[in-house]
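Please read the structure below before turning to the comments.
First chain written, first letter: the chains are A, B, C, D, E and F, and each begins at residue 1.
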Amino acid sequence: MQKLLRHFAGAAAGLGTALAAGAAFAQDAAEATPVIDTGDTSWMLISTVLVAMMIVPALGLFYGGLVRTKNMLSVLVQVFAIGCLMMILWVLYGYSLAFTEGNAVYGGLSKAFLAGITPDSVSGTIPELVFVCFQMTFAALTPALIVGAFAERIKFSALLIFSALWFTFSYIPMAHMVWGGGWLQGDGALDFAGGTVVHINAGVAGLVGCLMLGKRIGYGREAMPPHSLTLTMVGAALLWMGWFGFNAGSAAAAGGGAALAMINTFTATAGAALAWLFVEWAVKGKPSLLGIVSGVIAGLVAVTPAAGFAGPVGSIVLGAVASVICFFFCTTIKNRFGYDDSLDVFNIHGVGGIVGSILTGVLVAPSLGGTGIDGFDMGSQLWTQTVATVVGIGWSAIVSLILFFLIDKTIGLRVSTDEEREGLDLSSHGERAYHY
Amino acid sequence: MQKLLRHFAGAAAGLGTALAAGAAFAQDAAEATPVIDTGDTSWMLISTVLVAMMIVPALGLFYGGLVRTKNMLSVLVQVFAIGCLMMILWVLYGYSLAFTEGNAVYGGLSKAFLAGITPDSVSGTIPELVFVCFQMTFAALTPALIVGAFAERIKFSALLIFSALWFTFSYIPMAHMVWGGGWLQGDGALDFAGGTVVHINAGVAGLVGCLMLGKRIGYGREAMPPHSLTLTMVGAALLWMGWFGFNAGSAAAAGGGAALAMINTFTATAGAALAWLFVEWAVKGKPSLLGIVSGVIAGLVAVTPAAGFAGPVGSIVLGAVASVICFFFCTTIKNRFGYDDSLDVFNIHGVGGIVGSILTGVLVAPSLGGTGIDGFDMGSQLWTQTVATVVGIGWSAIVSLILFFLIDKTIGLRVSTDEEREGLDLSSHGERAYHY
Amino acid sequence: MQKLLRHFAGAAAGLGTALAAGAAFAQDAAEATPVIDTGDTSWMLISTVLVAMMIVPALGLFYGGLVRTKNMLSVLVQVFAIGCLMMILWVLYGYSLAFTEGNAVYGGLSKAFLAGITPDSVSGTIPELVFVCFQMTFAALTPALIVGAFAERIKFSALLIFSALWFTFSYIPMAHMVWGGGWLQGDGALDFAGGTVVHINAGVAGLVGCLMLGKRIGYGREAMPPHSLTLTMVGAALLWMGWFGFNAGSAAAAGGGAALAMINTFTATAGAALAWLFVEWAVKGKPSLLGIVSGVIAGLVAVTPAAGFAGPVGSIVLGAVASVICFFFCTTIKNRFGYDDSLDVFNIHGVGGIVGSILTGVLVAPSLGGTGIDGFDMGSQLWTQTVATVVGIGWSAIVSLILFFLIDKTIGLRVSTDEEREGLDLSSHGERAYHY
Amino acid sequence: MKLITAIIKPYKFDEVRDALTAIGVEGMTVTEVKGFGRQKGQTEIYRGAEYSTNLMPKLRLELVVADDMAERGIEAIQHAGRTGTIGDGKIFVTDVSEVVRIRTGDRNELAL
Amino acid sequence: MKLITAIIKPYKFDEVRDALTAIGVEGMTVTEVKGFGRQKGQTEIYRGAEYSTNLMPKLRLELVVADDMAERGIEAIQHAGRTGTIGDGKIFVTDVSEVVRIRTGDRNELAL
Amino acid sequence: MKLITAIIKPYKFDEVRDALTAIGVEGMTVTEVKGFGRQKGQTEIYRGAEYSTNLMPKLRLELVVADDMAERGIEAIQHAGRTGTIGDGKIFVTDVSEVVRIRTGDRNELAL
């Protein structure tokens, strides 16, 4: 991607390239005495805050609203604790392994503990510490996304261990491969803001997890309606807001590239939201709030890889298509195959991520309003996108499978039946969410 | 306004002028090779996110908390769906009709589907796509504001159709008239961030709507207390935060103009909040949370047209005066005339907007701490403000009247009595907000 | 501090110094024709919004979730009303008394009513009005922090009067002493973003208040569980997000200093959150949501003075240490001494602030990854830090003691027993938070 | 004395209370309950999951009255609570052997 | 056996429970209810609308006791639940013909 | 007619309802309650404060049946509601002197 992008007008330069280059090879650049642009820095600082907000409160609320009251706090603790743990690991070794030079899969340890990075270190046009922070929020968000797939039944200690290991063996390698100078970066696959590294990666891990843990007690027999769609709405809306930082922040500068990513993050999402609403209205008879917010997430996931490449109208179509496919997975495929992906992590993040990743190869076409890339050929680009997608799916699936298996055989993955029935809030965390 | 503002020190240049000029006449400007200022761009990107956040979750929560539990989700779906629909329409034709050259009321279709706008197009000192996004959020917010006036009883399909038509025949023309080079832009009326286009426009449509739909079943007999003032507080607080983007973003640059708009958005709001609190305390015996947050909204509405013209102390007075008048409408006029403006859209947005629009002509006076404008004369300025206000009221009233009438005669505006009693959540959307 | 900082590389210049200098001595600087940097301005505008968001909704929700349902709205009204009142007082005289030249304790009144400040006034590299707004949010937040210590029992009118007086006699002098050119500014104490002025100041006032008001009826006998930990989580998460503006905004520029403050605001918080979680898990048997979010706040408080001085790894340690000490106060000291610091304002803000203030003197050491300061000597720096801390504690304690005493003897501090039992929502504000 | 327990549609509460007040009933106790019976609820749909509940929200009124008031109480409730559609609810009457007013210790008819 | 149903002020619950435990009552069932009676509620005001509710929050306790415990139970509740102000609530006693403990199938006195 | 009041564990509700439907019970009224008894609750900890509640969430079912259905109803509930662990709950039976269906005014057996 790096090479291709170099020829490309700058407006839509993916963060991975632009900044990783600056970060990883800061020495070479040093002669050019890089200067900080306060406008770009300002935008990246606030983008970082926006992505951090996606973890808490946004993801916590989005997921929390969907579970039953008795498991509300467990979801919140899980998201909060995973986020914090990843931040620490990111500083200790994550950033270094992902974004310094190394082999095809991992970087090195030269910046472990952020060694050598001072407030004056520069990455592109922003302080390197800002880049560290921005990337930290991605690293902290991704493992937290997974918990929705096996919510309401996982053992907290098992989850923390899984998250730390999965971060180390799945997130970091994928980030290094796609953004940090590793394997996939040279092959021309387009992934503007992390469709593969974040969404496919997390979605597939969720699917493996929910299959390995098994269904919730009573699944399919008892009613398990969301305990507060109001909170889910708040979460979805804040995820959308945060995603502006996620996508437009991935331009790494406050310019035309960020502008394009921002408008696509509006139009794809709006298109997807309305698509789900109208399809549900037609198929199920009523348009629902959970439907429209599910569409919002599906659209956001799908536009993630395409945000800096597609045009605003193409993005509407992208969002709508992804939304309808995710709808189909949530309402039909899941029931047909009987996996209990409790909060539809795979069905939306996994599936939406795959659709987005592949369609990015189509919508980048200038004839469809996309920005185009040097020497664009739709057939070969589609092939490249598919390869990267398949690598993402495979890597995450294998790592997750091994980790879940090992943890299951050692400390166990699930709480006891009694604890599950009592609800994780009381049994695992000793609290109740509400005392009205 | 445009001509007047040109002579004016720049610090408080209203967005409409500054950017519309850049946007609409980008060709002429092309010779001057406009450059992007990353600081301004950064501020406008984040301002856009702030205004988007006003729609969801802020407005959804503010309104949602005020309705009864059984209608909570209906309000959230309405706000969400309208917001998304307007975003699509804005890209398809809204932006072009509002902000390209045309006649006194509408622009042209040359930028329909955002034709010709690339990441490199510049508007003022920011990418044109950022201007498109910023204005998109205003266009998406305004029709959503209206729903509060006839909440808890409107048919969802009727509402979507009304919103699309009202956007086309009331919002776009008003935006073109005031900001896009149309009728009112040349007459010197001051409207910094959209008092007329947004608040008067929406408030009047709400009044017409609640009169045409009639009262809720049980209105005046049954208790209809807000189901969650906590959520209403969150909504109001986030509206305030978003309004910093709305008002200070309307300066279109990160400079003294934005700074003035920001401090006024603090002081007017604080003044209005305390005014409502103390008046309620004196008149009703107790100061309430709903009172203070109602004051917050009244103050924000009132300062919208004045944010870049008044001084910080003048704004305190502006907020307090508007707040007391809105209090009077909510507690006395509404009961006296018996219209069921369920969530006080007219009583706060309409009335506060009118008060703000007219007092802007007073508070701009340098003797009162305002910025002044070239050749200022309070009498004539007040006249100009009144004319613009009356045009806004009249236009919105007539368009809304026709639209509501037509929809009522075709598909009908209201749900059935049974559905209304059951609550719109279940009857229209097939969900319940809470399962505690 | 000012002198010391001048020698210091700029990256970590505390806001107080950098801007106060600009603000207070704008005349002198005028010759140098200061120019606005749009990038810095953009960052300070959004930082201001972030800090404002800490007041409402963040603090309101954090505190509100912790009280019983019947007192929910009272907390929200208190926070909202105090915030608004302080904004008005800040414009009227607060800013002038804190940030103009005067004696060791107070500035002058030359800028009362913001006299002489126009949109073109510059402070450092940003408009002075932005500096006024940014500082206004600190001034509005601090008195609101105190209410948690005596929640569920204070008389609303007494609270408003206390807040206005405490603001005038404790907040303003402390701000002037530390940031505005007063007594403590010259002695070399390090306080990057307000550990003394904000947290120690508020925490100590809270302790005095809860001692003077006495315990809640039923304290220690009846169960008083938080009515919604979900809301508390949202509040804590938003406080964290806002704190990025608080700390990184205190760099007053979008550069390396802000970057350092931001990463420390991540790592200290994550470290503190996990420390509380694991200590609670070990000591009480279960890791709780309230535990992890309490850790978040403890970490944020502790890193406030250190944000621009410590290194990212040092901050992890700082957060963890402060968190464990605060845990000890909340779970042991409070019960041992029997004060009813209802929402642990002293136990977290006071104690965390003191720990942070003192450890800043350690962690600034370059050998520990800190930025260092000119002529650093750990022993003497620790002494300086201790002096400033003790002054903060003493000043706030004495002022609070006098004020609470006077109010108690005149209009009384507490509501009646019946009102307390009924709940303040109904008895003081005439509303109920929820009607599900 | 008799304990009249009535299950009614929630939105009929104001009318029923007024009817009871009109005949001199001065107190009652109200509980939010769910009713299971002939009346079927709306189907709720949450993504892939559809739930058609048979539990309808109802109000349960409990009022103790003197023996001679019982029949009038029943009639007042039946009249005011009726909509004529399925799900209007039931009234049950049981005997009460003793009533105490906590405030005063008054017993039986005196306590009502 | 007797079923004692008591409507009390919520904040009196701990005292009443302790009083009942003291005389040997080992179980009871508690419901949050609204009481309508002499006691008048606070007026609530929401912008233009004022509601003065007569529905006060109460707790409803239900305990089945052996016949010989009934009077002591009533007295314990009346004593502990009393504040002397309007709205303290009522106690009703009805006969119970049969009691079953679900866990064991034990009947009547054995089941208590 | 008899009023059967059953206190059960919430998650047993579906089974109990199915068992009752199977024997021909067509209606019942359900209330969320808290049960105080032998079963002890989890300790909740909130920073410095620890609460060990003895109030456990339960469902209270109320069903009026014809006299000859009473015993079968009791058995159905006892069977379906049983887990064998402490806290399974109780069943109480009281006499009902009159039943009215609000919709039609039907009385007694007709009203069930």
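One rule holds in what follows: contacts are C-beta pairs under 8 Å (C-beta built on N, C-alpha and C of every residue); 3 or more make two chains touch, one makes a residue touch a chain.
As the structure is a prediction and not an experimental result, all values here were calculated from the model.
The minimal number of chain-to-chain contact steps leading from chain A to chain E is 2.
Averaged Cα coordinates give chain A a centre that lies 52 Å from the centre of chain D. Chain centres here are Cα means. That of chain A falls 47 Å from that of chain F. Centre-to-centre, using mean CA coordinates, chain B is 34 Å away from chain C. For chain D, residues that reach two or more other chains under the stated contact definition are 31, 44-46, 94-95. Residue numbers of chain B whose C-beta contacts span two or more other chains: 37-40, 42-43, 46, 225-226, 228, 234, 284, 286, 288, 290, 430-432, 434, 436. In terms of which chains touch, the assembly is arranged in some other way, matching none of the line, ring, star or all-to-all patterns.
Under the contact rule defined at the top, the touching pairs of chains are A-B, A-C, A-D, A-F, B-C, B-D, B-E, C-E, C-F, D-E, D-F, E-F. Contact residues on chain D toward chain A in their complex (touch as defined above): 44-49, 51, 53.
Chain E contributes residues 3, 17, 26-31, 62, 64, 94-103, 105, 111 to its touches with chain F in the complex. Residues 2, 5-8, 31-38, 55, 58, 60, 74, 77-78, 81-95 of chain F are the ones touching chain E in the complex. Across the complex, chain D is touched by residues 223-226, 284, 286, 288, 290-291, 294, 330-332, 334-335, 344 of chain A. Put simply, chain F touches chain A in their complex at residues 11, 14, 42-46.
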